[in-house]
Structures are given as C-alpha cells and as structure tokens.
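Letters are used for the chains, namely A, B, C, D, E, F, G, H, I and J, taken in the order the chains are written, and counting of residues starts over at 1 for each.
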Amino acid sequence: MNKIDILETFENQYPERNYKIIHTAPEFTSVCPKTGQPDFATIILEYIPDKLCIELKSLKLYYNSFRNDGIFYENVTNKILEDLVTVCKPRFMKIVANFNVRGGISSEIIAEYKK
Amino acid sequence: MNKIDILETFENQYPERNYKIIHTAPEFTSVCPKTGQPDFATIILEYIPDKLCIELKSLKLYYNSFRNDGIFYENVTNKILEDLVTVCKPRFMKIVANFNVRGGISSEIIAEYKK
Amino acid sequence: MNKIDILETFENQYPERNYKIIHTAPEFTSVCPKTGQPDFATIILEYIPDKLCIELKSLKLYYNSFRNDGIFYENVTNKILEDLVTVCKPRFMKIVANFNVRGGISSEIIAEYKK
Amino acid sequence: MNKIDILETFENQYPERNYKIIHTAPEFTSVCPKTGQPDFATIILEYIPDKLCIELKSLKLYYNSFRNDGIFYENVTNKILEDLVTVCKPRFMKIVANFNVRGGISSEIIAEYKK
Amino acid sequence: MNKIDILETFENQYPERNYKIIHTAPEFTSVCPKTGQPDFATIILEYIPDKLCIELKSLKLYYNSFRNDGIFYENVTNKILEDLVTVCKPRFMKIVANFNVRGGISSEIIAEYKK
Amino acid sequence: MNKIDILETFENQYPERNYKIIHTAPEFTSVCPKTGQPDFATIILEYIPDKLCIELKSLKLYYNSFRNDGIFYENVTNKILEDLVTVCKPRFMKIVANFNVRGGISSEIIAEYKK
Amino acid sequence: MNKIDILETFENQYPERNYKIIHTAPEFTSVCPKTGQPDFATIILEYIPDKLCIELKSLKLYYNSFRNDGIFYENVTNKILEDLVTVCKPRFMKIVANFNVRGGISSEIIAEYKK
Amino acid sequence: MNKIDILETFENQYPERNYKIIHTAPEFTSVCPKTGQPDFATIILEYIPDKLCIELKSLKLYYNSFRNDGIFYENVTNKILEDLVTVCKPRFMKIVANFNVRGGISSEIIAEYKK
Amino acid sequence: MNKIDILETFENQYPERNYKIIHTAPEFTSVCPKTGQPDFATIILEYIPDKLCIELKSLKLYYNSFRNDGIFYENVTNKILEDLVTVCKPRFMKIVANFNVRGGISSEIIAEYKK
Amino acid sequence: MNKIDILETFENQYPERNYKIIHTAPEFTSVCPKTGQPDFATIILEYIPDKLCIELKSLKLYYNSFRNDGIFYENVTNKILEDLVTVCKPRFMKIVANFNVRGGISSEIIAEYKK
C-alpha cells in the first residue's frame, strides 16, 4: 500500500475562518539509512485547514508506517510535509521534526508550505 | 436549556481602554463522538472587552455543560468561540484548546475573532 | 487616608534615556466582593519613567492597602494602572495581574497606558 | 452493571517474583456530592501482583465509570482500593489520589492494603 | 467567635484502615506582630484520621481567620496543629508551614503529633 | 539468532568492591500484542556486577531487537531482567520500565533480582 | 563587636514538643582567603529548639557580617554551626552550605550537632 | 582608583560583522543606600562590538567593585551602561539587572544604548 | 590536516524550498589561550541550505578537532561560522555558542551570515 | 608526572566532627578507548574527612588530567575513588559519575569506600 493512502481527511466545518490546528507526536521512529540503527523524533504538525482536516488516527498510522524505513532527517521532514499538503490542501502548513541526540548532537528540521 | 443561555456578562467599567482578559481553564472535558471515551483539555480564553465582560462563574458552568457531549476537537473550539462572541461582543477574542495525548499525539486548536 | 496618597516618587536620574523598570509582586491579596473570600494575585508593574520613579517601599504599602478591599479582578487592575499613572506620569506603563485558580479557572488581566 | 464487574484480570506470568506495577491515570473525574461540581484527580495505583494482574483497558473503563458519580475524596480513594483488591487479590496495593485545587486547597489521599 | 469553632468534621467511613489525608493550602496569610506587614505561607496538613475527618471548606475558613492576626511563624504552626488535633483527634498529624522570603531568608516550620 | 546471544560482557576490573552501574535507555520500543500498535518506554537497568559487566553497545542492540516484537509490559520487563541475569550473573539487578501514556494511563513496572 | 554577639534569641513557646525550624538564606557571601575574590552560597539552617529560638533578623545580620571576611568553605560552615549552637543550645542542628561554581566545580558542606 | 579604570578591552577580530556578545553575571551585589543592607542581582550585558570587546576578567572585577557601594537599582543599571559604553564604544549595548526580592517585590531594570 | 577538510556535505534534496536545519551540540570543548584551562560550550548551528547540507558525523568530528586548541570565545564562534559558510554555501546561517560559567560569569556569542 | 601527584590536601580544622563535603564537577571529559571519541560526565565526590581535606583547585587539575586519556566508564570511576582515598584517607567516600548519552543510553557509576 502506498504510504500516502493511509492518510484520511474529513470536511472542515469552519472554512470561513483561518484557524490553526497543531498535532504533536513525540513517538516518531524511523531507521538511519547509513547505520541501520533506529532514530527517534517528535513531529509537530501545524496547519490552517482549507476544505479538509487531517483525521487524527490515520495520521498516527501514517507516522507509524515509517517505523522500519531507512530515511535521512532532512528527507523525512520534507516528505511528510509534501504528503500532508497533497492530501489535505491546507492554506498553510509547517512541520517541525526534533530528532534525539546522535553522536552528542540533537537536530531539528523545520519546513513550511504556503498556498 | 440552551448552552449559550448559561453564559452571563457584566458591564465593562473601563470601555475607553483596550485591555486584555485571559481565563485559563485546565479542567475541560467532553466525549469523543467516535469512541465514546472522554477527552480532556485546557481551554485558554483571551479577549479585549467592548461593553461587556464574561462573568467567571457562568463561564465555568458553560464549560461544564460539555461534560457529556460528543464533539470533535476542531468543532468544540470553534463553537466556544462563536458562543462567547455572540454573548459578549468583544473587540477581539482568541480560544486556545490544548487536548491531552490520544494515540500518542496531543492536539492544540487555535481560533480567533476580530471585530 | 486616600489610597493614592500612600504612593511616593523620587526624581529620575536618567530622564534623557527611555529605560524600563519592572516590579513583580507575588503577594497581592484582596477580597472577592461577591463571596467575601480572599483573592490572591501576582502584580507585574512595567514602566518607562519620565521625570519620576515610584519608590519601592511605598509601592508595597499601596499594594497592601487592598488587603481587605472587596474589588473585582478587572477593576483592581485598571485602578492600579490609573493610580500609578496619576502619581508618576510615566512615558509608558503596563500592569499584568495573574490571579490564582478560582472554580478551576485562573485569570490574567493586562492593561496599558501610553503617553 | 455493577462497577466492579468492569474490571478484568489476566494471569501473572511471573508469580515467583515480587515485582511492582504502577499505573498513573491523570484524567480521573467525579462529581462533588455537596456542590454538584466536577472534581478532577490523578489516581496512582501501585501493586505487587500475586496470581492476577489488572488489565489496563478495563482499569480505564472502571475509572471512567465514576465520571458522573457524586462521591467524596476520602471515599472514592478507599472504594477504588477495595474494588481492586477484591478483583486481583494482590500481595500489596496502594492508591494515591491527587485532587485539583478547590477553594485554594489541593488534597491527596493515600490508602494501602497488605495481604 | 472562637477560632476553633470554625472547624467542622465528618465521620471517617474507613476507620479500620490507617490511611493518610494531605491538604495543601498555598494561600495562607497572617501579619507579622513586629512590623505589622503581611506574611505569606503554604500550609501542608497531613494526618491519619481516627473517627473524624476535617471538613475541607471549614478548614479554608479557619485558615482565612488568621488573615489579620499578628502572630509569629513558630507560634502559628504549633497553634494550627493544636487546634486541629483538638477538633479531629487523629492518630497522627503533621503541619508543614513554608513562609515566603523575608529579609532574604525563607522559613519552614514542621510540627508533629502522635497519639 | 537467539535474542540473548546479542548480549556481550567484559570482565569486571573491581570485583572486590560492591559498586553500582545504571544504564538509562529512553528509546525502547516494542509492539502491543493486542492492538499491533507500537509501545514506547524508558528502560533503567541498575546492577552490582560480580565477575562480569554488560557491554554497552550490545545492550543497545539487545534492546533494539524488541522493536517489532509483540509483548506485554509486565512480560518485557521480567524477560529483560532474566536475560541480563543469565548473561552477567550480577550480585544485584533491578529493571525499571516506564511506558508512555496509553488510553490516558502511563505505566511503570519494577522487577528485582538478588543473588 | 564579636560576631556571635549579633545573634539574638527568643523563648520557645512550645518546648514540650520536638518540632523543626528551617531557615534558608540564598544570599550569603564571603571572600576567598586565597584569591580575595567573593564567594556566594545558600545557607540552610535546620534545628529543633530547646528553650530558645533564633531571632530571624539577627540571623540575617549575623550572615551579613561575613561579607568581607576571608574564610574557607569548610571553616565557614563549621563556624556558623558552632556559633548558633552556643547561642541557642538546640536539641539538634544542621547547617548545609551550597557554594556556587568555582573553576567549574560547585561545593556543598554539611555539618550536624546533636545534644 | 576610578571604577571605570578597572575595565579592559581587546581588539575585535571580526569588525566587519554585526555579531552579539552576552555576558550573564548572577553574583552581583551592592548595598542599599537607605537601609545599609546588601542587595543582590543578576546583571546581563548584551552588546554588538565595534572595534573593541570587553575583557571578561576585568568585567568581573568591575562588577566586584560595587560590593560595598550604596547605590539604587535604577542608578547602578544606568551607571554600568554608561561606563561600559564609554570604555568599549559598541554599536549597541543593553543592560538587564534582575534584583532579588525585597519586601516581597523583585525588580528588573533594562537600559539600552544605540550608536 | 586542515580543520575545514574534516567537514563533509551532501546534496540538498529539496533546494526549491527554504527550510531550516538546526544542530545542537552540548559537548563542545576547547582551551582558554590565557589560562590553559578547558572551556565548555553548547554550539547551536542553524541554517537554510542552498545546494548542500552538512553531514552530521563530519560536523561532530569538526567540533572535536577544537578539543586541544587555545582560542577565545569570540573567535571560535566566528571561525566556526566562516568554515561552515565556506563549505556548504548556505542561504542563511547562524551560530550561537553558550559558554559555561567562568569567574561567576557565563557567556553567549551569536553570529550570523546572510547570502 | 603521576596523576595522583596532582592532588593536594590541607589539614581538616574540625576532625572531632563527622561532617560531609560534596564537590560536583559537571565538566569532566575523557576519551572512549574503543572509538577514540570524547566522553563527558558529571563527577560528584562526597566524603567525610578524617585528618585531611582535598584542595579544590588541585581536584580540578586532577580531573582535567583525564582529558585525553582513553578509559572505560567503570574504570575511571573506580580509579578516581582509589586515588582520592589514597591521598586524603577519609572516613567515608563516594564517587557518582553521570555519563552523557551514547547510542541512546546514559550511564551512571556509583562506588563507595568506608574506613
């Protein structure tokens, strides 16, 4: 199954107003493509919906689908942004990914989309 | 009784000044319409009064009235904003609703009204 | 004795510069006019002095003078602002009053004055 | 349905060892029998299992069953202890209930059972 | 009215068990008998009830009755212990009083009673 | 490969002294056998070595080997204890496993071994 | 004037009870006898009074009297203990002195007296 | 010796870039000119150097030179700003002075200089 | 080997978007050129990549290469900025270096580059 | 020069009393003998002196002497304990070494000596 097909949406009941939705997921994990060791991150999704909102349980399953994928920090952050923009077509969206310490260094990647 | 009729106001004694009032309620609870399980949130109400201020005890009772209602995060936030704007006709109002972790994800909804 | 007469000032030694003074008083208490029960707040006073600065000990005594007064959150905040502006004629002044939880809700009132 | 019937158990796989299980539930809510207003608490359950462990989802549903019950702090704490002891017959059990501020006072009740 | 007469009790429903009750009151205030200036403290009451429990609202009113009394730290702590022991005859009781900074020094007084 | 074979040890250089070693691993993840959803925990290993110490990198790989296993909280804690005792034969060992919130409840399991 | 003569006492009103008094002073400063540079510490005084209690304002002045004294960490802690024991003859006394970082190392000295 | 003569500077190696230097000194102490009692503050110095940087050890000695001076909060903050501007001629400089609680009130003074 | 040659880059997969990368390294250490004593800092690197991203392991090795270098706070911050700009040619880059307390004063240096 | 020769002592002025001295050093660094990468730890030294106290500056230099040594966690902790016991012959001594996260795991080693 294509990863993006996991995501579900529902109709925004208040499209006349620009309001913000923030979902914070501290249990994201994927695998480092170089070492094969697991990576851990908190993913913060912030967006202003247009006609569609992202369904919360499908978001969790979408995040879980990265569990055994080998993917770099910068790429996972941008891919999540692109998938979510494709599916829910928001007015604004931002992804903040905070990765745990590796080699004594923690990392944060921040990517935004504006309609 | 209609939910909005619980809310009471009193006259703003300082209408010539734009000042801000913030009420933070960490004990909000409603019910998830999908699972029937309780949801818990902190509701932060911030507004600049015009002629009327919201009476604090009636605000508590209004929040309590959601206790057994089945309602989604996005909708409860926007409904509270609309009810409070209807009743106190402020110059500015913002609702921030911080919902507890569900499925490993916490959520925040932020909606604003400007006269 | 009139409450405002408690306040004393001293001459600003650096009137040519716009600098900021912040006094934070976490021990403010007054009485709720509806229930007769005590209220507790932290009062943050922030101002840019013009010719006069507020003397710190007199400020403490002025705050203490509210100890047995019955007065609402919104009114006490605006009254403190007006008394202090009258006495020290600042270029800018802001009062932030953080009231403790009552009925499960904490409250903050923020009022500003600009010359 | 009797409240105690909600609770389910499963067989302890390691009965030869005295080990400790702690479940912390920060979303407990009941109703004050005097005022009819909601109370909120964190319930910490700590026990050493004998032959049976408490099933986590049934524990959540058991806690949720108090949502609209009118019951005092001291009684709810002791009742939870007695119900859980009846159902899982542990070697040791402790209930700590931390109730939110009411009238400027927060309360904690701690009750223990030893075989 | 005698200060001790403000305190009310109710019957302990679980006298066969030694369980602990802790009430934390961060809004205690009295007056320094030397300077006439207000003192502020958090009073932590911890006890094991015998036949009687202390009613929470009457405890709040009892604490409030010290608001304009001039009394030293050591004395207020021991007096509260003695009044509460007299009224509820507990198996064990402890009072911890944390007083705010005065002259750059904060103070804590701890007194216990055992039957 | 058998999970226990991942673990490596090295010779304790100071066997004449009872000293304590604590390894805290906040990135443990396994899978709930009922729901198939991932669980997350911090595993704290505390032990007094006898002749052997546990090699740190092999411990990490051992923990990682649970990544896609379906196993209950109580069982994973006791299994880790038994595997580590088998491999390093310590004088004392304790496992504390703190699991993230599920259904509004967080859980901690504590198991000990003494020679 | 002799440093010890600064200290004043008052009569303990509750000598029949062993209760504890703790005074925490985060603004202690003296001078390093080797470098001439200022040292800073928090001094925690804990004691069980017998017939006498230490007067709080005199304690502050006593601490202030070290301001320009050159004295080592270990000595200042033991000297304060000895002076206070001499003056108030307590049943028990403990001094904890937490010194700020010097050369990347912070220090704590703990000394006790028992009658 | 004149207080300002204690301060030393060194040549800025990167004058072509506007970069910021912040030195935070939590161990500042002077004396209250009214009461003769010591005051304690954290002094935060923030500046953009032009041709000169302030030498760190001389800054510490300069701060130490206020140890036995009687000087008001507002004046010490502005004096430090003027002395440091005189000596290092920065493009921008800000002094934030956070004074400890006195009479239940803490104070912060913030003064800025722009070329 | 030249310090800058340690740094490696990889191709930015999303050059059409301005996104931010932040690497926080709390284990930086160098040596004070005046005293020969070690300095400790947290280095925060924040940048918007153009065609190249900085490889994380090489960044760690680059930081480690300062371990036994004698270099001043201001210079190490600016040198790191210049080396990283040279190697990865970003659209924007900022270095924040937080140095531990020395002589009672902590220091922060902030330098930026814009294309 | 032998590492132990760096350590200096001075005579304990209060040998008749069992008092405790704690020195906390958050800037310890050594090198991993397997990977050659730097390790970082906080070393807490706690002891009851007999006739000798450890001189603080020499302790710092002793810790610094490990900067480029390759040595395992368990060994460095026990070696520091043995060197310090040899030099100052205390009545009691404890070393707690908290090592930073490596491979997602932080480690603490605790070793004690009793006369």
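Operating definition for what follows: contacts are C-beta pairs under 8 Å (C-beta built on N, C-alpha and C of every residue); 3 or more make two chains touch, one makes a residue touch a chain.
Worth saying up front: this structure is predicted, and the values here are computed from it rather than measured.
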> Which pair, A-F or D-F, has more C-beta contacts?
Replying inline: D-F
> For F-J, which listed pair, C-E, D-F or A-F, repeats its interface with over half of the contact pairs the same?
Replying inline: D-F
> What is the distance, in whole Å, between the centres of chain B and chain D, each centre taken as the mean of its C-alpha atoms?
Replying inline: 31
> If you average the CA atoms of chain D and of chain E, how many Å lie between those two points?
Replying inline: 28
> Between chain A and chain G, what is the separation of their C-alpha centroids in Å?
Replying inline: 56
>> Two-or-more-chain contact residues of chain J, please, as numbers and ranges.
In response: 26-27, 37, 40, 100, 103-104
> Between which chains does touch occur?
Replying inline: A-B, A-F, A-I, A-J, B-C, B-D, B-F, C-D, C-E, C-H, D-E, D-F, E-G, E-H, F-J, G-H, G-I, G-J, H-I, I-J
>> If we count contacts the way the header does, which residues on chain I are in touch with chain J in the complex?
In response: 26-27, 29, 37-38, 40, 64, 67-68, 100
> Which of the residues in chain B come into contact with chain F in the complex?
Replying inline: 37-38, 40, 100-101, 103-104
>> Per the contact definition, I'd like the list of chain E residues that touch chain D in the complex.
In response: 12-14, 17-27, 49, 53, 56-57, 59-60
> Inside the complex, what are the residues of chain E that reach chain G?
Replying inline: 73-75, 77-78, 102-112
